[in-house]
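Dumping the structure here so I can ask a few things about it.
Just so it is clear, A, B, C and D label the chains in written order, and each chain counts residues from 1 on its own.
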């Protein structure tokens, strides 16, 4: 069983620049740095990291994202399902995760399935005092982000990609019908009882639209814009704040120094996985779905980030 | 598979009084009233209700609580597991839920397992405009609460009760060792990747300590105390605000007109079900677990509410 | 001595429609209604009202605004100063305020100076229990707004208008130089140690740009947009949220059913009246002053509302 | 004319320890350190500092507090008034403030009147870009506090002390009648249209109860407790959060390493200086005034801090 989105790895052109943005300004917490890679966590996460910044200036892209599964046995099951679907699986070993299954989805999105996830220690001192990861507010700066929430992926065909993910017990929370009724324009899919771990939205070229992090309520979203503008990153605030009708997301979209888009938002809503998907007609979506309220979507919002096309060829992980 | 806590039914002595408290002051939304029963939902819930107030002045108590399961097949499975455990199951029909399995847990707690849950309509008008349940802020009053979160139950033996629930794939998020090391003092158990759907805490007599609702962040918790005091219910504010070390809960405990205790809180944290439980020694718990910061626990906090002892004998549901 | 902005009177085309907007949706509290006029207060005000809605469909405009002065003697002083400046003063009696001095400023803005202001009763019951006006949260709906803050007026010459107001011990907090250096583009002027009671901004035609109300922090500003959109008033959200560099205002601009613009904001900053005005060059203003961050100013934002041109001719007040 | 409370100087036993508390944990911004003294400001202040920590371990006390007056001429006036009242005035020169009038009030409270107050520079770079003091959120840590608000002083006779301050155009916002009706139990007095710059409360020995700082809403108050507990200062949280009936203050009282009490609160309300004081009978005060809601006042809350008794004898300032 897939639990959830675990982490994303972004290839960046200049690690120092990116760390200034993510760590010093936004307030991600760096848990380690090894060679070209910095590992960052958000403030309420128990995982050692949910964001890997990898300096690779010739390959600025979404390198891949990782989905955590419930057990090693569940990994076997995922491997079998992929093979049954005719999807190539590369099994590799990773220092942090142990066994990792590498897959490119039908649209080409680079995914890593893994079970083992290094965890922060919660026991401190000789008396085993418990200190939870989020109880470090005196050491925090920036917003800070609280936890990773979802990937928003662009795919040439939403139905094709959905047909892949539904094999892994994903559920659609909401979707938008396409104009011609043959495909979907978009679908928000999840393994957790919220609106999405992954959003699939139609675009000719498979690519990354954004990675989303949850912050502390609407005030946390506004603080993001304040902190960025105060730190001289006003041009990195692309769009928002505003509220989408679909998923009820109160959003702010920002761009990192390489143009990777991060959505800062205050959370969606809770709804059981078995409930009927909520369907928006194109008309309803145009009217209220794309935007419940807020400024019009800017032209730049159509731009997306390259995804790693060599994911399955990289034998050394 | 059990999804989550779905609702609780409280027997109250005076429905009108209780509705004034819950609906007019706190801001629960009444979706229907039938005979002695009023059905209330919190603002972000898709279920028609998560709280039933049942006027029954001779039996003021927690009547029972409901756990939603993933399918009718899952209900069959739960029935079998109970029977295998030697726990009596009564299968009844309920107008709202269809098939319901009634069970008294080893400690005697009254539980209903059900799959079908009446849902709010999200489609409006001839064009099928989507209006999500939480997008009715212009009609809200009070705090309002956002969604039900957990039951805090007192049980004579935490291990005995836990031995029951672990058969249904519950996971312990945190626990407190008992002084003598033979039992646990408390365990927070969950089917969702947060800290608890049910808290089990030692007390000689099986009883209800509180039902918890999530509100909008810490400001929502403070607003609860303001609204109650302004409305003349200051004496119904029992304890808080403060923060527990265990589960990181920022809490306020209030009492309804019959003394049923409701916890108003701003949420806990997210952590996968398979992760190792976080264990507090008695010493660590006394030091930081019971209270991360805040006023000392008042004497009244030891009091609990009666649970319905006739749950399994009530043939008509 | 002038204390502060006390109230504004808006002429509206349909009182019922306006009350639905201001009272039922936004959450202003109606304290009385007499004939064509409804009197509204914000939640933390001790004055009986800060907004008068006057149905006068042939004269939809800012009817006038009132400035509260410290005493009857201070009124005498204001009268003398106006006369010395050659500004006509009409002295009238008003049921609520007693003596009122009516003036049209050099740009023609309709002002009422008054001392007496009807106050809410804070004593209740036979024991003289004190209940402050804001401690009625259980009766509130909407946002609600907390208190009136400022008028934003357009004037043909900022210096000309400023030369009038400086006689009454107003102080400039911030200003923007004009392109040619002869006039100012804008000036924020105040009698209280915040950024402004009145903003003066250049426009050919003297008119009203907006009336501003303070709400409860940035979350209150966002709630405004949510409440409006949920209530079907999405098109009444004109611009924002965003942050101005000048005055540090976190803003949302909304329009009432007649197109009167209300700014909903979370407050500015505190600074003594004697401090040197902060001057923005045109360049600095264009770069960071107009907008610290947020979406570009929409074209509609140049539009302003008519002001009552018959203010000094209306003998009966 | 007195404008407002400008700053307080606390004598501390260990400057390093105090700076860790105030600067590193709470988030005060240190603007300079000279010899034994560190000068701190809150995030929204234009003054270079509002808190001076002075290491003087043999004289841990409130050294004095400063009131800013509107002009040098106003200082003359204050000098004359004091002399007319038979209150000794020492005129000294201070590097930061220029002319300073030192006074011990009838109860012995150490006060400095001054006009000149060093201000932060708001112009930056060759283009005179304006950056307001509060627009440095990317450099902030801790809560942070936003601005100084009031001093809470204990005095043997409220009326005696009030009889002094009323000569300087202070106004009472609220007061509590004494049990015998001869004196007042407490009075909240102000020069700004909020509830108080100074609170006077009866106690046999003139002393300091607390200095209050405003933070960002109720969430800022809660964050204070979180940050302190997380940083290991849980025992420095003395009382709260809760709400007073008098002044509507949502409060948290904390203690610095020397036991000086700081109130962290989210602000009071606005009301004109000329309005009739709001009077609480002892009965009303006991019922709702001391506490609108919250935990009972702890015994320790009666403790107060020594005030500097040598203020008028210290010829070198």
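Here is the rule we go by: a residue touches a chain if its C-beta (ideal position, glycine included) is under 8 Å from a C-beta of that chain, and two chains touch if they have at least 3 such contacts.
Here the structure is a predicted model, which is why all the values come from computation and not from measurement.
To find the repeat of A-D among A-C, C-D or B-C, check which pair has over half of the same contact pairs by residue number; it is B-C.
Taking B-D and A-B together, the chain pair joined by more C-beta contacts is A-B. Distance between chain B and chain C, defined via averaged C-alpha coordinates, is recorded as 47 Å. Rounded to a whole number, the gap between the C-alpha centres of chain B and chain D is 44 angstrom. Rounded to whole angstrom, the centroid-to-centroid distance between chain A and chain B, based on C-alpha atoms, equals 31 Å. Of all residues in chain B, those touching 2 or more other chains are 135, 217, 219, 226, 228-229, 292, listed in ascending order. Those residues of chain B lying in contact with chain D across their complex are 217-219, 222, 225-226, 228-229, 234, 237, 239, 241, 243, 250, 292-295.
Put simply, chain D touches chain A in their complex at residues 24-25, 135-142, 219, 223, 226-231. Per the touch definition, chain A reaches chain B in the complex via residues 3-4, 44, 46, 68, 70-71, 117, 119, 122, 127-130, 132-135, 147, 174, 192-193, 216-217, 219, 245-246, 248, 269-275, 278-281, 283-284, 287-289, 292.
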